[in-house]
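Heads up, the next two complexes both have subunit A, just with different partners, subunit B and then subunit C.
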Partner chain A sequence: MAIAIRKFDAVIVGAGGAGMRAALQLAEAGFRVAVLSKVFPTRSHTVAAQGGIGAALGNMGEDSWLWHMYDTIKGSDYLGDQDAIEFLCRMAPQAVIELEHFGMPFDRNDNGTVYQRPFGGHSQNFGERPVQRSCCAADRTGHAMLHTLYQRNVRANTHFFVEWMALDLVRAADGQVLGVTALEMETGEVYLLHARATLFATGGAGRIFAASTNAFINTGDGLGMAARAGIPLEDMEFWQFHPTGVAGAGVLITEGVRGEGGYLLNKNGERFMERYAPTMKDLASRDVVSRAMATEIKEGRGCGPEADHVLLKLDHLGVEVVEKRLPGIREIAKKFANVDPVKEPIPVVPTVHYQMGGIPTNYHGEVVAPRAGDLEAVVPGFYAAGECACASVHGANRLGTNSLTDLLVFGRASGEHMVQFLRENPGHRELPADAAEYTRARLDRLENQRDGENVYQVAADMRRTMQAHCGVFRFPDLLATGVTRIREISERAARTEIKDHSKVFNTARVEALELDNLIEVARATMDSAEAREESRGAHDREDFPKRDDVNWLKHTLWFKDGDRLEYKPVHLKPLTAATFEPKVRTY
Partner chain B sequence: MRDLDRIRWHCRRGLLELDLVLARFLEQRLGELSEAERHAFERLLQCSDNDLWDIVTGRLEPPAGEEGAEAARIVALLRGI
Partner chain C sequence: MHFRIYRYDPEKDAQPRMQDYRVDLDPSDRMLLDALVRIKSLDDSLTLRRSCREGVCGSDAMNINGKNGLACITRLSDLKEPVEIRPLPGLPVIRDLVVDMSQFFKQYHSVRPYLINDEPPPEKERLQTPQEREELDGLYECILCACCSTACPSFWWNPDKFVGPAGLLQAYRFLADSRDLATNARLDNLEDPYRLFRCHSIMNCVDVCPKGLNPTKAIGNIKDLMVRRTV
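Let's turn to the complex of A and B:
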């Protein structure tokens, strides 16, 4: 199979906030940039971000990047790299102002400055009092950002390849990255996009869990491609959960429901939060509520035929309160749980929301991996930004609003560093003769598989296993059996079969290829979680309830090859500020 | 039919709420649509995610130019699903 080759200065995989911000930097510097996206750019998952962009502009009262930095490090449960976090917080105001100049329709104060909204975990003067730091465009910040960046990229002549799926990373014998192979869905043709610099901005892989707030496109394509090409995945045990997603659907039910007096019940009709948090009950913090729900389900007090969820009761609030104070909740419950919440309770489970780990990078967005004794050797020509990357600014737990800050700051920084790399490394390196061989073999295997596994069945088994064995609260017995089970499922994923062999818009083929990526992330997550014997941030273990800075103040690196784990130190030294020493985290 | 495969892929969205509603619509209704209704559905899929969700939940009416009976039927089906 001859594969057509197309040459670009830079190839970017993913057209969400991070990918488009990086593309803009490159296109405006005059380079030929290709951006690949499975869906139209403004339909990327960034569109779901409502909260805003955290940046210490100080428009609502005194603020400083150093306070933002403190909040981010504390939020990360001290696993975040302090150099990258200083960079994030110092660059955030400039990144927001640039976006404002691009035409982003931010909410405004009466004096014309960008309005900033309060958000949990953001404080003045190192935790003294809350500060308003989140820059937003109503509840459509992500949507506005995507449209702004897309328009600007069209103006700068960025080449968009819409409905293209990247398949594999192309590397030279010495490890330098030379582009990707990719599938054009409309024709079913495979191309090699030969690039001098390549950026992954493919988003998270929240679809590895049965209960996920993530859109269907979030299949961790960049993580799968990186893992198959020998790049490790960092800190994959850390996933942020929200306590109340609709069971079986994932759609979020806002915390406001419990704020207005709604409460949780187990199968015996018991208001179980009274046992776990006698004072705060259902208003205890997210992790406390999620852990209590997981315990009830694990101990057999879950509801429904599978005993796999609990119930959120709000019928006692009355129609008026529900309609007036909780707009949209009744529609969501009817549509996705098939219950009218003014009459019946809503089935809910802790639901995965955000991936803190990812492809290891430094604060320039360069991908780093162990080589010849250097734990963080740069992989030349390869960059990652946004949720698929791990810089690591979120550490063990992400602070609200920092996801958009992350993709803006590191999208821009990656683009800027790629510009410099392209200037210093002119000309395309020659491709290895077998550059597309790996992809070809993978596609041939899928085409020719007979008596194979059903893609949907394997994917469903993977999601159920991840949810039951590696959920929000982790038990040693379940993790141990989870490692074995996910490995068995992974072997089945290697034998998937598709019945439809047509070329044009073959969604069955695309979904089989997406499963190849998801399964790598699932394995990385299960192995990393089973090995980390402490509780830190979002990684919460029943058998090791405390953070252990003596043994575990370090990043996990998972390698596909042999499911091997290595560790590397946390960067405790910021760029210019003094180190924030690990402390007990209380709010 | 390749047209239907294309429509299927265009139902992949940035918002989970839409993925779920559109997946149900594909499963339950796509087969029964007339050609004109299918075209109206394809045009509705061109809306941005937030607008489409508002249309599905009844907070927004279909865009200008989509006042025909076909679009009205698609919107009614999406709202009821």
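Let's turn to the complex of A and C:
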């Protein structure tokens, strides 16, 4: 198999919110940038975000980036890096204004400014009362944002490689990143895209779990590629369970429902969040609400014949509010839950939604990894942004709306830093002779595998295992057996076989290659979760029910090589603000 | 359940063919996409696009029992057997249910689908009243699935010359935006016997749109703007 080489100034893998925001910086600066995407850009999973973009515009009342920063740090259960969080919250208003100037169809107030709704964990004056901070376009904010960014890229003549799947990272002997290998799905041809700077914006890997709000394409491709190339994955034990996935279907119902005044009920018709979070109630942060729901269900107060879900009530909001602010939710509830929410409540369960961990970066989007005693040495030429990256702004639990903010702020920041890097580092470095060998070997193995494992079977076993062993509540015995099982499944994943050997649009091959990425994420998650002996944010251990700042106020780094774990300190020092010292978290 | 699915692999098949699949479904398989994914787990050569599985990404548009729609929000219980599934009509087939959408996107791009406003932006957001913003409802929600354009006889005949319902819906989305300043240039761009005026209000687009949008109405509004600027 011949692998052709194509040269670009920069390669961006992924055309969701982060990838397309970064692409704009590069294209508008006149660089030759190739943006690779497994799907047409507007089909990226950013499209499914509903509730809004968090930014302290103060359009609805007093607000400040410092309050946003406090909320984010508290939401992260103090695991977030305070320098990156300050950067996120300070840059958020500008990022939103810029998006408005690009043409984003935000909802409006009577005075013409952008409408903002309340959202979980966002407060005024350091936790005093809920604040309206989420800038939204009805309940289709991600869709509106993704299309706006695509449209702006059309204007900038960005070069998209649609339905291309990146396969492996190409590194020089000294570790510098020199591009990626990639598969053109329509032809089955494999290329090496040689670049001076490479950005991963590949999104999350929620598809390691059986019940997830995530799209089929969310297979952690960037994480798999990074892990195989020797880059560690950070804080992979932290997975967000969104409180309101449609029971049985997994489809997301935005927190914006509760932001607009909806609330949760158990089988006794009790608004149980009042007991768990007296101030913020249903707008406490997601880990708190999901745990409360799981507790209600566990203690027998769930609804339905199996007592396996709770109810999200919004009929009291009235048809007008629902039609104006939550039209997409009404559509989803009718289609996937068979209820019209203006009349009946929606059955919901906590559902895997977001990966807080990822490829370690600093707040410029540069990937950092331990080297020669420096725990955060920059990997030259390599960037990551969005859900695949861990800056870390979400720490142990992300606040609603901060994911879209993250895409805009860090997409832009990494794009900007790449522009600077390209200016300072002209000329392509020579590729190592064996640059594409690893990819070639992987593809040859898959092509020639006989009597191997069925991709669907292995993937289904992985998902079931992750779901059963690494859920909302985590138990020591289940974690230990989970580690062993996932390791066994990972050995099977190395022997997958496909029956379809056509070169043209071979999605069986794509799915087998995706499983290679998923399984790395599953291993990282199980190993990291089993090792962390405390409860923090989304990681809740039955045997260690308390947060332990003395021993565990630190980030996990998982290395594929030998399933090794290392740790590094949390950045407690912000850029300009005073440190928010860890304290007990109540809502 | 019984499915008849259009199959074509250019590497193997001289001609497209219909293949029958009879599969036992799980009670959790409620949408057509669930069934197709199950079939694919048994026959990995079946090729289709899919992603969000909730009707917002627009990947899995196909022709289902003669009507264009999204597999992920089409209930199995609403389908008559055998369920006949074909690729979207009128576009070249790459393989099975995967069509080449280049022409569709080319037409979308041809309407300059982005906000044009060369005035220096204010420090804050450009103001827009709730009423001005409401003008965009029913337009910005398009997911570019191509169900409408590939159900349109005018688009089948002139895919290179007629913008098609999806592209025109987006053309109007920017014409209707109080922040956009390129009204005249946008209308000039469509003033042509084909680009806009090939729409004969057959309304197949409205009938099939999985998001309940109305491209025919948007096209009517563009025609009104054309008339108004000449008087």
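Just so we're on the same page, the second predicted complex is superposed on the first by the 481 of 587 C-alpha atoms of A that agree within 3 Å, B and C clash if a C-alpha of one lies under 4 Å from a C-alpha of the other, contacts with A are read in each partner's own complex, and residues count from 1 in each chain.
Operating definition for what follows: a residue touches a chain if its C-beta (ideal position, glycine included) is under 8 Å from a C-beta of that chain, and two chains touch if they have at least 3 such contacts.
Quick caveat, the model's predicted, so the values are computed rather than measured.
Asks: Subunit B versus subunit C on the shared subunit A, clash or fit?
Replies: clash
Asks: Just to be sure I read the superposition right, which of the two partners does A:Phe102 touch: subunit B = first, subunit C = second, or both, or neither?
Replies: In the superposition, A:Phe102 contacts subunit C only.
Asks: In this superposition, which partner touches a larger number of subunit A residues, subunit B or subunit C?
Replies: C
Asks: Who does A:Arg43 touch here: subunit B (first), subunit C (second), both, or neither?
Replies: both
Asks: Going by the contact rule set out at the top, does A:Phe505 touch subunit B (first), subunit C (second), both, or neither?
Replies: both
Asks: A:Pro278 contacts which: subunit B (first), subunit C (second), both, neither?
Replies: neither
Asks: Examine A:Pro305 and indicate which partner it touches, taking first as subunit B and second as subunit C; both and neither are also allowed.
Replies: Neither partner.
Asks: In the overlaid three-chain picture, which partner chain does A:Pro426 touch, first (subunit B) or second (subunit C), both, or neither?
Replies: neither
Asks: What residues on subunit A does subunit C touch that subunit B touches too?
Replies: Of subunit A, residues 39, 42-45, 47-48, 140, 143, 147, 186, 215-217, 249, 251, 328, 331-332, 335-336, 502, 504-507 contact subunit B in one complex and subunit C in the other.
Asks: Using the touch rule from the top, collect the residues of subunit C that touch subunit A in their complex.
Replies: Interface residues on subunit C, with respect to subunit A: 9-12, 28, 30, 40-41, 43-45, 47-59, 73, 75, 94-95, 98, 101, 105, 109, 112-115, 121, 123-130, 132-133, 136, 140-141, 143-144, 174, 177, 179-180.
Asks: Which residues of subunit B touch subunit A once you look at their complex with the stated criterion?
Replies: Interface residues on the subunit B side: 2, 5-6, 8-9, 12-17, 19-21, 23, 48-50, 57, 81.
Asks: Which residues of subunit A touch subunit B in their complex?
Replies: So the residues of subunit A in touch with subunit B come to 38-39, 42-48, 140, 143, 147, 163, 185-186, 212-217, 249-251, 328, 331-332, 335-336, 502, 504-507, 510.
Asks: Could you list, by residue number, the parts of subunit A that touch subunit C in their complex?
Replies: 39-40, 42-45, 47-48, 96-97, 100-103, 105-114, 137, 140, 143-144, 147, 151-152, 154-155, 186, 215-217, 248-249, 251-252, 328, 331-332, 335-336, 455-456, 498-500, 502-508, 511
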